[in-house]
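Sharing a structure, written as structure tokens. Questions coming.
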Amino acid sequence: MTSFTTDQVQAIRRSRERVAKLHGELTRYGLVVWTGGNVSERVPGTQHFVIKPSGVDYDDLTPDNMILCDLDGTVVPGSAGSENNPSSDTAAHAYVYRAMPHVGGVVHTHSTYATAWAARNEPIPCHITGMADEFGGEIPVGPFAVIGDDSIGRGIVATLEGHRSRAVLMANHGVFTIGKDARDAVKAAVMCEDVAKTTHIARQGGALVDIPEGKIDALFDRYQNVYGQKPQGGIA
Amino acid sequence: MTSFTTDQVQAIRRSRERVAKLHGELTRYGLVVWTGGNVSERVPGTQHFVIKPSGVDYDDLTPDNMILCDLDGTVVPGSAGSENNPSSDTAAHAYVYRAMPHVGGVVHTHSTYATAWAARNEPIPCHITGMADEFGGEIPVGPFAVIGDDSIGRGIVATLEGHRSRAVLMANHGVFTIGKDARDAVKAAVMCEDVAKTTHIARQGGALVDIPEGKIDALFDRYQNVYGQKPQGGIA
Amino acid sequence: MTSFTTDQVQAIRRSRERVAKLHGELTRYGLVVWTGGNVSERVPGTQHFVIKPSGVDYDDLTPDNMILCDLDGTVVPGSAGSENNPSSDTAAHAYVYRAMPHVGGVVHTHSTYATAWAARNEPIPCHITGMADEFGGEIPVGPFAVIGDDSIGRGIVATLEGHRSRAVLMANHGVFTIGKDARDAVKAAVMCEDVAKTTHIARQGGALVDIPEGKIDALFDRYQNVYGQKPQGGIA
Amino acid sequence: MTSFTTDQVQAIRRSRERVAKLHGELTRYGLVVWTGGNVSERVPGTQHFVIKPSGVDYDDLTPDNMILCDLDGTVVPGSAGSENNPSSDTAAHAYVYRAMPHVGGVVHTHSTYATAWAARNEPIPCHITGMADEFGGEIPVGPFAVIGDDSIGRGIVATLEGHRSRAVLMANHGVFTIGKDARDAVKAAVMCEDVAKTTHIARQGGALVDIPEGKIDALFDRYQNVYGQKPQGGIA
């Protein structure tokens, strides 16, 4: 049986609260429909993460029905919410947490415009400065992979390792994002759909203009270091 | 005069509550405007179904103004809500319930992107895994048919019999979906519009990439058997 | 000074309440931004109509700040709300009420998709049955006209007289709709944008299929006579 | 240390309240995601302006966390909210207030359709009368410029000086708008996205029709002088 220290119990509670609440950002920005999409967070100071249950309405998500898993994706027996199954994407989240120790949050959606690029297996090119800020260049495409083994997790990691983007379009599927915590990964999911939509619409209207050489790097460097109320530094 | 057992009365009440509430999902996802669209549910343990009244505002739908019909689409005299007319699509719903005994719910909308494919009489091709999960392949087109006889109902049944899709695009008209109950049919309506939109946008941007051979079947089989908190099994 | 009977005073009050509330449908369906768009209603049993004030926030519209005008578009001195100016489109509404005695409501918006067709001076063709139901065929384009004289009102009337459509796209401008009362005109505005959007998206994806000959007439005739809880009969 | 008269203190309070509240219009109209976008207002009777803090959630904006800056963009030490950083676009706002004394409000967004035109470095042409009313012609494109020096501010001013438009598309970036006060600049941001969207969709469907010669000027002149409850006169 798994036992936790008092500090760990409190950290788990805080992650449950954050993860439950952050799912509201997915519906606010229209990134998900019905019970699709999921957010998880690595619980600081533990070898566990918290993730959404499978097939539960967004209106019914609470800290207590979030599901606590170890890094193999196994539900902690007897923990709150463990009477339900975790998200069917749990294995992919677990793979990412095992392979990328600096990642503290993972999000998956089938948001419309990102998935449209994914259906063409086409990376989103970087033609707007806000995308340079957030992703440091294009958003790449990962391999076609289906649920049932480690292939989705491996595809995410193989694509994002050594890449500045925190988002990957999985071929014919949807988008996975990573971040230093769940909120950062949710932000990446929101921004990914935003740039997927803007860039799609821009290109439908005619030829896109390139950002001048060197400026994408400059924008990314500045944004990762100075934006917001305190240095964020992305997940690098 | 129709008489019901106590169990049937309670089952009718629960269907009224579910059907009234599920209409809120149509507005939440923007699948309907004004008083368009309708949801019905076969009442378990009876030869009846419950459907939306005609021309009543979505804000005003309650369990008590849902309308109880027999499987010929005739309103049960004296039942709650029977002072109003049932949806003008009632005959189509009734036909489906008579012809497809495994169907427990039917939904009709003119949702924008699904209707756009219908205006071209073009099936929605399956290029995204979420669509393979939910529909097992393309969403087919049914014949052109107008209200006034059984032709809409016959068109729905003729198209969906022997098809894995729970959604059919009726030519130049809109979409009908079926499910094991009303909630399942509403889910199909929500997912149909979602994939209609994503696939439209994807194709506007360039050529779609095919899902590898055999994978659509594999995705559909898995999803129908293991997704969610308990086996769903679709309506098959 | 204008004097009204007790019945007229009550009818004016009811029109003020309906018109104020119906503006909420314009925002609900996203047909307007900022203070754009307007709804008016001919007050039954009077020679007057009620219309939105100019440049007032949608959040601040109430029955008491709706503006009462005679059929020349002149504000009734001393009436509630008369310290404000009426909508800058008041002259166009007044012209319609004078010229078309069967019209009881008028709506004007710059809703996105309808205005897009208007910017091309292109009628919206009828390829979906819901449009046949509601408009009986294409939605026509009226002449280019600017505020400052009767030209907008004349353009609306000249285009809609003898046409089954209750909506007209004014060239490079936006849409005006008419109805038997304000609610009916608002419905036409909602449905016009809905079909403008669906038909635009449908055509972007490829060639539209025609509705079989004779079926548009059949659909229109049925819908005008039997839909809803009681015969509506359009405004004819 | 900066000292203010009682009147100035009250004027600052009112600007804080207006600016905090006006950010709600950016989310209402979907012009921003996450913490992007910002509104500022020159405080009447002072050499200061109020602006949004950097990286704070829209839900958490209040009059007290708006940030008071002098016209060099330096935060007033010890003022409410000064524990946070001002928007990273503060230097651009400050530049505009210094260079354009008639400007009382500035807004910046990455709204989808405006940014799509910006990604092509293409001005939005004027084919709809509502755009002629509001902007008096096309919405121009400013130079590519990045945060870090005065280049964004200089680009805005160089483009808008001598132009009737209150909006400028900054190349590959987004939109800046100016107004006589913050509300007027927010209105310009809302209208800019509206016309960017309508004109994009219109052109996707075919060739746009020109507004007759001379009519754009006539529309702009009328709108700036007579619309609304009292003369507005734009910012001229």
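Labels A, B, C and D are assigned to the chains in the order they are written; within every chain, residues are numbered from 1.
One rule holds in what follows: contacts are C-beta pairs under 8 Å (C-beta built on N, C-alpha and C of every residue); 3 or more make two chains touch, one makes a residue touch a chain.
This structure is a prediction, so every number in the text was calculated from the model and none was measured.
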item	value
Copies chain A and chain D touch via same or different residues, half shared test	different
Angle of rotation relating chain B to chain C [CA atoms, steps of 5 degrees]	90
Chain whose average C-alpha position is farthest from chain D's own	B
Intercentroid distance (Cα basis), chain B paired with chain A, Å	32
Whole-Å gap between the CA centroids of chain B and chain D	46
Per-residue multi-chain contacts in chain B, two or more chains	204
Interchain contacts, given as pairs of chains that touch	A-B, A-D, B-C, C-D
Residues of chain A that touch chain B when the two form their complex	33-36, 53-56, 84-85, 88, 110, 112-113, 115-122, 144, 146-148, 171-174, 200, 203-204
Parts of chain C lying in touch with chain B, wherever the complex brings them together	29, 127-130, 187, 190-191, 194, 197-199, 201-202, 204-209, 211-212, 215, 218-219, 222, 226-229
